[in-house]
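Some structures are shown below for you to check.
In what follows, subunit A forms one complex with subunit B and a second complex with subunit C.
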Partner chain A sequence: MLWVDKYRPKTLDKMMVHEDIALNLKKLVTEQDCPHLLFYGPTGSGKKTLIMAVLRQMFGASAEKVKVENKVWKVNAGSRTIDLELTTLSSNNHVEINPSDAGFQDRYVVQEIIKEMAKNRPVDARGKKGYKVLVLNEVDKLSREAQHSLRRTMEKYSASCRLILCCNSSSKVTEAVRSRCLNIRINSPTEEQIVRVLEFIGKKEGLQLPPGFATRIAVQSNRSLRRAILSFETCQVQQYPFTSNQAIPPMDWEQYITEIASDIMQEQSAKRLFLVRGKFYELLINCIPPVIILKRLLSELLKKLDAELKHEVCHWAAYYEHRMCLGQKAIFHIEAFVAKFMSIYKAFLIATFG
Partner chain B sequence: MAPLQQSNQPWVEKYRPKQVKDVAHQDEVVRVLSNTLETSSCPHMLFYGPPGTGKTTTALAIAHQLFGPDLYKARVLELNASDDRGINVVRTKIKDFASIAVATAVRQGAYPCPPFKIIILDEADSMTEDAQNALRRTMETYSKVTRFFFICNYISRIIEPLASRCAKFRFKPLPEDIMSTRISHICNEEGLNLDDEALSTLSSISQGDLRRAITYLQGAARLFGSSISAKNLISVSGVIPQDVVQGLLAACKSGDFELANREVNNAMAEGYPASQMLSQLFDIIVQADDISDEQKARICSKLGESDKRLIDGADEYLQLIDVSSNTMRALCNMPQEFSY
Partner chain C sequence: MGAEVSSCLQRYSKQEPLLLVRTRTRTRTRAELSCAVRLSWTFSYFLLLLLLLLKTMEFLLPPKPKPKPDIHALLVAGIPRNPDLTNTNTLRYMSTLMPFTMTSLMNLWDFKRDPGMKKAGSRRSNNGGLWVDKHKPKSLEELIVHKKKVEEIKLWLKERLKPSKEEEVRTLALVVRGPAGVGKSATIQIISSHLGARLCEWNTPTPTLWQEHIHNSTSGKEYTSKLDEFEIFVETIRKYPSLSFSCTGGPISPCVLLIDDVPLTNERTALGRLCNSLHVLARSTVMPTVIIITDYSKAESADDKSHYFDVLQSSLESAGACKVTFNPLTINSIKKTLTRICKEEQCHVTSEQIDKIAKASGGDVRHAITTLQFLSLRLGHTISSSLIDPTTSCSNEDSEVNLLDDGFCLPFGRDETISLFHALGKFLHNKRDASVTTFENNVFTLRERFTRLPLMMAAPEMVLDQAHGQARVVTDFLHENVLEFISNDAIDDAWSVASYLSDADNLLGIALPWSMTRKYEAESIVQSVAASVAVRGVLFGNSHPAVSRWHSIRKPQLWLIEHSALRNKVGTLLLVRRLTLENLMANVCVMATEYKPTYKWIERNVKECLDGEKTEENECRMEELDEMEWRSCGKSDEIEDW
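What follows is the complex of A and B.
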C-alpha cells in the first residue's frame, strides 16, 4: 500500500493536521443533529480524509466497508427517458458520487439518488429511522441547474439525507447552496506541519532521516501533504539510507515543462513554436490538465523574466486561460499564449539590445 | 447507525416574524399592510430589495394574518424559483388557481378572510420574460378574486407591464443597530454568549442581510458551542480576515512582484475563495483616501473583468495574480500598456 493511504488517519482523534477542525467536527457529529457540510480548500489539504473520518464517527467502522457499483438510472425527463450510468462508492450508510461525471445531466443524477436514499432509510435497533449521507465530490463543477435544484432538495429531504459537499473553490458554488451548509475551510498544511507528518511516517517505517531532509521535501511540495508523502516515498525507493544532500526528484511532467520554458526562452520563432507544440501534445496525451500546464509554464517563465515583463506575461496568461475554459480545444490557447509570449519577449530583446 | 435526533429547525425559520407589525425597519410597508388588515382591501403588490430584508416574511405574514390557518391552504398559492415555473405552469397551474371563485367575506374570529385569493411568486426575477408576459392578462381577468404578490431582488428584471399593475414597495437593507437588537434577542433565547466585538463583526460581515447573519450565528453556534468570538464568526462566514487582504494590498503598493506573487500563493493555499478576495479588495480600494480617482478606475475596471472571468470558470490563481499585477501597476504609477 502506498504510504499516502497507509498513514491516512482513520478517525477524527488521530488527525495530525487540522486538529481544531477535527475536534469541532467531533463535537458537532456526536452532540447534535449534523447539518449539511461544505468542505472547501486546495488539493492535498485533507478534505477527503476529514470527510471519511466524519463518516466513521457517524456510523462506526461500517462506513469503511465500501463497494464500487456501476449503476444505471432511468430518468424521466419530461417526454423522454434518459439512461444515465455512473460509478458510485457506497456503504450501508453512505453513497459517494462524482456528479460532474454525468456532464450536463448531473441534475437528474443528484435528484434521483437523493430520492432513492429517502425511500430506503436505515432503521436502527429501536425502530427509529436514521439518515443516510450523500457525499458529492467536485461540487464546483456541478452545473448551475443542478445547484439550483439542489437547494430545494436539500430542504425537502433533510430528515432522511445529509449532504457532504466537497470542492476546491467555494466561489463556484452558488450562494444559495453555500448558505444552507455549514462551510468549513480546509487550508493547506504549513511546512512545519508537513515536516511533522513526514517525521512521524519516518519513525513508523523505521527510517533514518538526515536533518533538513524532511524540510526540503516540504518546501518542494508546495504545501500539498499528499505530494510531500508521495515524493518522500519516491526518495526512499530511489536511495536508502538517505544522504543529507540527496536530490528530491521533481515530477517528470514538471521537469518537462521546465524544458519547454527554456526552449521558449532560447529562441522565438515559428520553428520553435512548432517544436514546442509537439511537447504540449505529449503532456496533454498523458492527461495533465491544460490549466496546470499553463500555470506551471507561467511560473517557470516568471522565474526568468524582468519585473516589467512579468506584469504583461501574467496578464496574457490570465487572458488565455479564461479563453481556454470557454473554448473547446486547449492546445489552441496554450499555443496562443506561447506565441504571444514570444512576440513580447522578442520585442523586449530588440528594444534593449538592438 | 447514527441516532436521529430531533432535527432542529433552522433559526431563520424559527425566528421568522409571524405578524406584519413585527417586521423590522420597513415602516411604510408595515403601515400600508396594517391598513389592509383593517379594511381587507389590497392591491397587487411588488416587493423588491436586497436579500434578507424581510420580503418573503412580510408576504407570508400578511397571508397568514388575512386568512388564518384554516383557510390558508385553500386561499394562498406559493411558488418559488425551485418549483417549475415555465410558461406552462403559468398557463395551467396559476390560471386554474386564479380562476377559482371564492365565497364572500365571512369574518372568522380574528381573521378578516377577504373575498380573494393570494398568489405569492417568490424570486419572480428568475421567471422568463415569456412567463411574465403570459401573466399580464391573467392578472387583469381574475383581479376580482385574486391578488398577486411578486417578490424579487431586482425590479429591473420584472417587465414593465407587470410592474405597472402593482403597488411597489422597496425593502431597505437593515442598519447595524436594528440588526444588533435582533441578533441579541436571538442570543438571549438560545442562551448564547456574544461579546460586543462579535456582535458588530456579525453586523458588518452580513451587510444588512439579516438572514445571512442568523445563518452564520447558527453555524458558529453549532461548531463552536455557546460562546462565540468574532474570529469564529469570520471562519464560518467565509469572509477573508482583513489582515490577509491588507497584506496583499500592501504587497501591491510595494511594487515588488515577487512579494505579491507570494501573497497570492499564500491566499490560495489557505483556501480563500478568489471571488471573495476580489469583493473585499474592491471595498477597501473604493474607500481608500490615499488612492487617486484615476488609479481607482484602473483597478476597478480590472476587478470587474476578473470577476466575470471567475464566473466563467477561469482559474483562481491566474485571475488573482492578474488583478494584483494590475493593481500594482496602478498604485505605483507604472505604465498600463506594454511599452515595447
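What follows is the complex of A and C.
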C-alpha cells in the first residue's frame, strides 16, 4: 500500500491539515442534522480524506466496509429505457459514484440513484428512520441538465438522502446547487503543513530526513499533499538514505512535456509540428487529461520565453483551452496552440536575430 | 421435368407483366389461369358496361384526337430483353383468353394511361423503340468494348464450344464483372451469336411485391424466394444437363448459358447459400456458362456491397471459374457510338454536346445513349443554349471548366461519385491555376495576403458531396495528413490550417449527442458547415504547398489513439483498484497523472534491483519502440500523387 493511503487519517480527530474544518464538521455531524455538503478545492488538498472521515463520524466503522460493484441502472427516459453501467462504491449507509463517467447521460444517473436510495431507507435500532449519503465526485464535470435535475431531486428527497458533493472548482457548479449545500472550501495545505506531514510519515517509517529535504519536496509538490507524499515515497524507493541534495524525480509525463517544450523551442517547422503531435498522442494514450497537458506545456514554455512574448502566448493558450472544452477532439486544439506558438516565436526570432 | 421447369421459368418471366396488364389480378402460374379466366369473364362484362358508358359520354363530350392504342410499344417497354417473343406471345394469349374483350380492354388501358405516357408510347413506336435497344451492337465490329477483352472472351467461348473428345478437366464457367452499362451482356450475346451458339438465359423472375405476397399467401400459394428459385434452377441444370436445353427440337446447336441477374441476398446465411449454389453451378455445368456480376457503387467507400460481390467472385473462382473484368468505357469510344447513332437517327446534336454527354456518362454507354435520346426528343435550341449558359456567376471559362470537371451543371448528368481518397487528394494537393494573374472578377478587393489563385477543381462542397464525405471523417483525415503537404518552413500556414481545423472541430462539438432533442436537419447543417470550414481552411491556409511529390494518405492515427486511450483508462482503473485497498473512488485524472507514475517508479526500481544491468533509459526506449511498432501497423490506404 502506498503511503498516501497508508497514512490517510481515518477520523476527523486525527486530521493534520484543516484541523479547524474537521472540528467544525465533527460538531455539525454529532450535534445536529447534517445538511448537504459541497467540498471544493484544488487537487491534493484533502477533500476526499475529509469526506471519508465525515462518513466515519456519521456511521461509525461500518462506513469503511465498502464493496465495489459495476451496477447496471435501468432508466426510463420517456419512451425508451436506457441501460447505464456505472461503477459504484457502497457501504450500508452510503454510495459513492462518479456520475460524469456516464457521459451525457449523467442526469439520468443522478436522478435514478437518488430515487433508488430514497426507496430503501435504512432503519436504525431504535426504529428511527435514518438517511443515506450519496457521494458525488467531480460535480463540476456534470452537464447543465444533470445539475438542474440534481437541484430538484435534492429538495425532494432531502429527508432520506444527503448529498456530499466534491469538485475542484465551485464556479462550474450552478448557483442553485451551491445554495442548497453547505459550501466548504478546502485550501491547499501550506508548505509548512506539508513538511509537518512528511516528517510525521518519516518518523512513522523510521526514516532519517536530512534538513531541508522535506521542504524541497513540499516546494516541488506545488502544494498538493498527495503529490508530496507520492514523490516522497518515490525518493525513498529511488535512494535511501536520503542526501540533502537528492534530485526529486518528476512525474514521467511531466518530463515528457518538458521534452516537447524544448522540441518546440528548437525548431519551428511543419515537420517538427508533426513530430510533436506524435508525442502528444503518446500522452493522450496514457490518459493524461488534455487540459493538464496544455497547462503544463504552457508553464514549460513560459520558463524559457522572453517576457515580451509571455502575454501573447498566455492569451493563445487560454483561447485554445477554451476551445478544447467546446470541441470534441483535444489534439486539434493543442496542435493549433503549438502551431500558433511556433509562428509567434519564429517571427520573434527573425525580428530579434534577423 | 427439367425442361418443363426451365421453360416454365422462361415463359414465366415473359408472362408476368402481361397478366398484370390484362386481368389486374395477381395470377402467376398456369394453375391459376383458370381462376383468372373466370375472374376476367366477370370483369369483362363489367368492362363492356363501362365501355358503353364511355361511348355515350363521347357523344356528349367534344371528340378528342384518340391516339392509336399501341400495345406493342407498351409491352416492349415492360420487357426490354427479348421483344419479338413477347409480342407474339402477347397476342396469342390475348386472343385465346379473351377473344372479344380485347379491344375494349385496350381502350380502357389506353384511357387509363396519363397523356404523357400515351405520347411517349406512340412516339417510341414511331421511332422504333428505345435507342438503347435499337442501336444494340449487332456485330463484333460495332462493339465498343476493348478489343482485347472481346478477343479473350471469344477465345474462351470458342474453346469451350468445341466438342471435347478427350475427357480433360476444363472449367466451363466464366465470370464477367464490371460496372453498369459497359456492354457485358452485349458482348456475350454478340460473341455467342458470332460463334453460332444459342444463348440460354436465366432471367430473374419478377420480384414479388408485398401485397402480392399477401394475396398469394391467402390464396394458398407458397412463396419462393429468388434464391430458392435460383437454387432449383442450378439443381435442375446439374441433374438434367442434356435435357434442359437440347430437347426443344430442330438442329442441335451449341448452347451458352448466361446468368445475368445473380439474386441479391442480404444476410449471411443467404449469401452462403448463394455462394454454394454458384459454386455447384460452376463445378457441374456441362455447357459454357457465363455469369455476369454488375458492380454497384464501387466508389462509395465503406460500402459492404462491393465486398459482397467480392465474396461471390471468390467463391466462383474457387470453383475454377475464369474471370474477365470490364472497365468503364473510354470517352472516345462512347463519343464514336453517339455520333454513329446521331447519324442514323438524323438528329441534330452538336459534337460539343456529344462530348459533354460522353464525359458525364462516366463510361456508361447505356446511360449516354438514353441521354442522347432524351436530348434529341426535346431538343430545341433553347435547351442547347441553356446547357452552355453558365448558371453561376463565374466567367465563361470558369463554368466551362466546372461543366467538364464534374457534370453537376448538366441537367442530364449521371451523378458521378469519387472516392474519399480522391477528394482528400484534391484538397491536400491544393492545385491552383497559376496562369491567372489578375483578379478583376472579384467583387471585393482583398489584401494581398488574403488572395489566392483560383482552385483547379469544382467548389469544395461539391467535391465533398461527390465523395460522400462525412464531416468528422474528412476533418480527421485532413488533420492527419495536411502537415506533409505544407511547406516545411511555412509555420504560419500550419497555424492557420490548424486553427481552421480547430474551428471545424468546435462546430462538430455542437452536434454532440446531448443535443438529442435538436432536429436532425440542424445537426446536418452544422456537420456540413464544419466539413466546409475544414476543407476550405485547408485549401486557404496552405498558401505555400510543399513541392508536389508522392504522398501516402494515412488513416487518422487519432482513432487508434482514442481507442487505446479508452482501453488504458479501464486498465488504469483496474490496476489502481487492485493495488490500493483504500475505499476511495478512483479518479482517472489523478490516477493517470500521479498514482501511475509513482507505481511505475516503484515497480521499475524493484525490477532494477532484480536485474541490475538494464538501465531505465533502455527500458524507456523499448517501451516507446513497442508503442511505435504497434501503431505503425495501422497505416494503410495509400494513394498516388496525381
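Here is the rule we go by: the second predicted complex is superposed on the first by the 354 of 354 C-alpha atoms of A that agree within 3 Å, B and C clash if a C-alpha of one lies under 4 Å from a C-alpha of the other, contacts with A are read in each partner's own complex, and residues count from 1 in each chain.
Everything below uses one rule, namely that contacts are C-beta pairs under 8 Å (C-beta built on N, C-alpha and C of every residue); 3 or more make two chains touch, one makes a residue touch a chain.
In this text the structure is predicted, and so the values were computed from the model without any measurement.
Superposition of the two structures on subunit A shows subunit C fitting alongside subunit B with no clash. When both complexes are overlaid on chain A, the residue A:A247 reaches neither subunit B nor subunit C. Angle at subunit A between subunit B and subunit C, computed from CA centres in the superposed arrangement: 90 degrees, to the nearest 10. In the overlay built on the shared chain, the residue A:I331 is in contact with subunit C alone; subunit B does not reach it. Of the two partner chains placed by the overlay, neither subunit B nor subunit C lies in contact with A:L23.
With both structures placed on the common chain, the touch criterion links A:R178 to subunit B but leaves subunit C unconnected.
Of the two partner chains, subunit B is the only one that A:G130 touches; subunit C does not reach it. Remark: least CA distance from subunit B to subunit C after fitting both complexes onto chain A is 11 Å. On subunit A, the surface patch touched by subunit B in one complex and by subunit C in the other comprises residues 326. On the subunit B side of its complex with subunit A, the touching residues are 1-8, 81-83, 211-212, 215, 219, 222-225, 235-238, 257, 261, 268-276, 306, 309-310, 312-319, 321-322, 325-326, 328-329, 334, 338, 340.
Against subunit A, the residues of subunit C that register as touching in their complex are 476, 479, 483-484, 486-495, 497-499, 501-502, 504-506, 508-509, 512-514, 546, 557-558, 561-562, 564-565, 568-569, 572-573, 577, 579-585, 587-598, 600-602, 605, 624, 627. Within the complex formed with subunit C, the residues of subunit A that make contact are 1-2, 5, 8, 43-44, 48, 52, 64, 66, 68, 87, 89, 91, 96-98, 104, 135, 137-138, 143, 145, 226-227, 230-231, 233-234, 237-238, 249, 251-253, 268-271, 273-274, 277, 281-282, 284-289, 292, 320, 323, 326-329, 331-333, 335-336, 339-340, 342-343, 346. Of all residues in subunit A, only 24, 27-29, 32-35, 40-42, 45, 58-59, 92-93, 122, 124, 128-131, 148-149, 151-152, 158-159, 169-172, 178-179, 182-183, 185-188, 222-223, 291, 294-295, 298, 302, 307-308, 310-312, 314-315, 317-319, 321-322, 325-326, 344, 347-348, 350-351 touch subunit B in the complex they form.
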